[in-house]
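Chain naming follows the written order as A, B, C and D, and within any one chain the residues start at number 1.
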Amino acid sequence: MAEQQLLPSSEADALVTSSDPKHPANLICTLCRGFYALGWVTGTGGGASIRHDKLIYLAPSGVQKEQLQPHDMFVMDYASRQYLRKPTALKPSQCTPLFLAAFDKGAGCCIHTHSQWAVLVTLLVERDARAVNQSLTERCFEIEEIEQIKAVPKGRGKPGKLGYFDRLRIPIIENTAHEEDLTQSLEEAMEKYPDTHAVLVRRHGIYVWGDDPRSATTLCESLDYLFQLAVRMRELGLPWTPDDTNRQK
Amino acid sequence: MAEQQLLPSSEADALVTSSDPKHPANLICTLCRGFYALGWVTGTGGGASIRHDKLIYLAPSGVQKEQLQPHDMFVMDYASRQYLRKPTALKPSQCTPLFLAAFDKGAGCCIHTHSQWAVLVTLLVERDARAVNQSLTERCFEIEEIEQIKAVPKGRGKPGKLGYFDRLRIPIIENTAHEEDLTQSLEEAMEKYPDTHAVLVRRHGIYVWGDDPRSATTLCESLDYLFQLAVRMRELGLPWTPDDTNRQK
Amino acid sequence: MAEQQLLPSSEADALVTSSDPKHPANLICTLCRGFYALGWVTGTGGGASIRHDKLIYLAPSGVQKEQLQPHDMFVMDYASRQYLRKPTALKPSQCTPLFLAAFDKGAGCCIHTHSQWAVLVTLLVERDARAVNQSLTERCFEIEEIEQIKAVPKGRGKPGKLGYFDRLRIPIIENTAHEEDLTQSLEEAMEKYPDTHAVLVRRHGIYVWGDDPRSATTLCESLDYLFQLAVRMRELGLPWTPDDTNRQK
Amino acid sequence: MAEQQLLPSSEADALVTSSDPKHPANLICTLCRGFYALGWVTGTGGGASIRHDKLIYLAPSGVQKEQLQPHDMFVMDYASRQYLRKPTALKPSQCTPLFLAAFDKGAGCCIHTHSQWAVLVTLLVERDARAVNQSLTERCFEIEEIEQIKAVPKGRGKPGKLGYFDRLRIPIIENTAHEEDLTQSLEEAMEKYPDTHAVLVRRHGIYVWGDDPRSATTLCESLDYLFQLAVRMRELGLPWTPDDTNRQK
């Protein structure tokens, strides 16, 4: 039983107590305040997790992310997947298995947002797919020749970033009734698109990961910039790629 | 006469004096500064009220909500509906009877916003209703299969939140010349939709309530997110529900 | 000559030195920081002026309004229209004669913004007017049945605010090459629409005034809310008034 | 070799250490925090540089611009183009040759943004050009009769600002795979449009310069205001100039 693994209260609290602003328990709070300002975690949505040494730090579920405090953090032993610290009266994030899937691919930080720009591009790709009788899972969000693409890493084990003439592809998975049930399709998308550091979830949002909090955050910002631009492009009838025939509303 | 019920000045002031940031008189100020940043209380519009023990704390009418101070608060005895504290030179909120209607249903906090997204969805539903010769009161704002719906409570006395596949319905009432005249139709909407924690007012805004300030605020944010998304979906020609035939502008 | 009227430096500086945040020299700085956040004074545009007793306080021209300091203020004697204080190296606002026109109508504070929403409604009304071969000056911005209209005062010497069923009319004047040349047409619009507390300037922005800084600011916010809503309504093909036939883009 | 020119560490650090908020090393940090809030440097994009006496201060590449610290700055000797200070573990900005091109024209500050409004106007002008079989480099972004144009300087060596009836023209250059490869076409645009203080880069963003940080910043704000307005005008079917026939989406 997970409960058996909990550390004594004082040891558990020590895991989230630090005067270093870069300590994971502090950093998740700072990041989430920024995410709130960006519209990514409105109404308790979204979340973030950091892997630090052998520990996973996780924001709780169903709380106002912009008001998180270090003592709200869950801490899990990565190897055993057992909680070392579970704040009473809070629930662990339903995103936990999805964050773990990213950590298993080597990530050090994983972010989940409900950004409306992410949701809208999934809706637009869904409509484009239907128009040609494709299923959504056969399609990605695709865009090219936008400078911000150069902020996206090439892929796991490949040094450097995408080039301006590279096409960015972000896979989209179907949403499910329960967040944890996304895990299998997320892992499948990771297998099918081994270079991706992000997976869109239809009518839901996005999961983005990176080697560390800085790279995950800047990638998440860059993708959100591209989704927002893409929505505005569609409103203006501008194509996302040279072969995009869905430029009309 | 209400005036007779006013407490002596020092006792009345004690009701709004506290160093605890969660004290209702302090919390309403903090909440309203956040609401201003979200565009909910522009130009003295909107308001908020908290029920705490046997007392109702109310922001005054016609003042800049982002500059509220604890000593600006009205305090009412909930049982007798008599003011215990009335700041001189300020007017009580015209929303008071509407807030009381929510408290009578068990709410602990009620928020009123003039959010443009709320106003725009009432205008869009109104047009959709007219197109099929329905009256507005026969229609709700309806949306489904958006993850953020899962932040909306199932309803009074029902534990838990709506599911992803549940349809969210928010009733809409007609606006009136005087805000207090909305009370009857608000109460009727509450009867007709006993599970709702929110009622839209046509060309005006929304009333949202919850068990406590946290739940009212996060619900209000989640609904505003959904209204904003819905407006953007309509701009892109995307339907709100599978049976929505009004996807065209 | 105006220069002769300048007070000795120490007396002039005393006019803008106060620890009271409500002192006009301090308040203009605070207001302008807020206006910048609202997008009203981008790129040194816009401005604000307060009449206090027999003095007029004016923000200078061509400076970043969000970085104003009390010692940047010009001070004018209202009766003689002579500057008492002119900061060296700064230029007086070209809006000065327009602000004075509002003060002559009894205003205590006047705000000028370059809000994009104000500019866009002038462009939309211009197009609507052309479509029926009217000149722009025959038209106003007109909207009705939006709750926020109730934040607009009825007019000079008339107590109270507009009602929900009243039609709000804001006159629009032609822009000129030089801002001071707007004065005559502004005064004509004030004569033609004696109840208005605001005049839109085509392809330029808006002048808004009120009895005091609070009423001018909240009116300016309420009008900006209505202009923004009106632009969004037009994007969605929604009419501004029941007789608006220009609802299509 | 550039490395030979590096100052000893203590002397190099002294170049970026000052308690004066207007010192270039401090000012770049302050400016970049503001640029982040404006959406100009999302996801490590964009940058800024200040020329001060004989030195060039440069923000590094690939870092979060809103978190810059003075000790992150690169310092170059303008005459010799040799770095005097290169923070270990940071990369110099790829914009450096472009910033230098502006400094060679007499600028004291140069700003590079990835503003979506800038990107969108390049896309709209590109489409307009194609519709009449023109190449993009034959076209500029052009707008007239908008008050904010009066915040744009007339041109190098010409005192004063554009008038309301002047047409603003901002040249657009093709984007390249590598940012430094933009230098030649930027310089060509500077030759072809000697009065311009800004050059748009297709699908990328904009370079803006001015005599000093204040004038570069306010120009960059004014242009961004005009680009944003232009996108909204196009969404509403409003022409940018009287002879603009591309007003339809």
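The definition used in the following text is that a residue touches a chain if its C-beta (ideal position, glycine included) is under 8 Å from a C-beta of that chain, and two chains touch if they have at least 3 such contacts.
All values derive from a computational prediction rather than experimental measurement.
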| item | value |
| --- | --- |
| From subunit D, the most remote chain by mean C-alpha position | B |
| Whole-Å gap separating subunit A and subunit C, where each centre is the average of the chain's CA atoms | 44 |
| Cα-centroid distance, subunit A relative to subunit D, in whole angstrom | 31 |
| Per-residue multi-chain contacts in subunit A, two or more chains | 235 |
| Touch-based graph of the chains, sorted into line, ring, star, complete or other | ring |
| Chains touching one another, given as label pairs in label order | A-B, A-D, B-C, C-D |
| Residues on subunit B engaged by subunit C in the complex (per definition of touch) | 42-45, 64, 114, 116, 119-120, 123-124, 127, 175-177, 201, 203-205, 231, 234-235, 249 |
| Residue numbers on subunit A that touch subunit D, as the complex places them | 145-148, 151, 163-165, 214, 217-219, 221-222, 224-225, 228-229, 232-233, 235-238 |
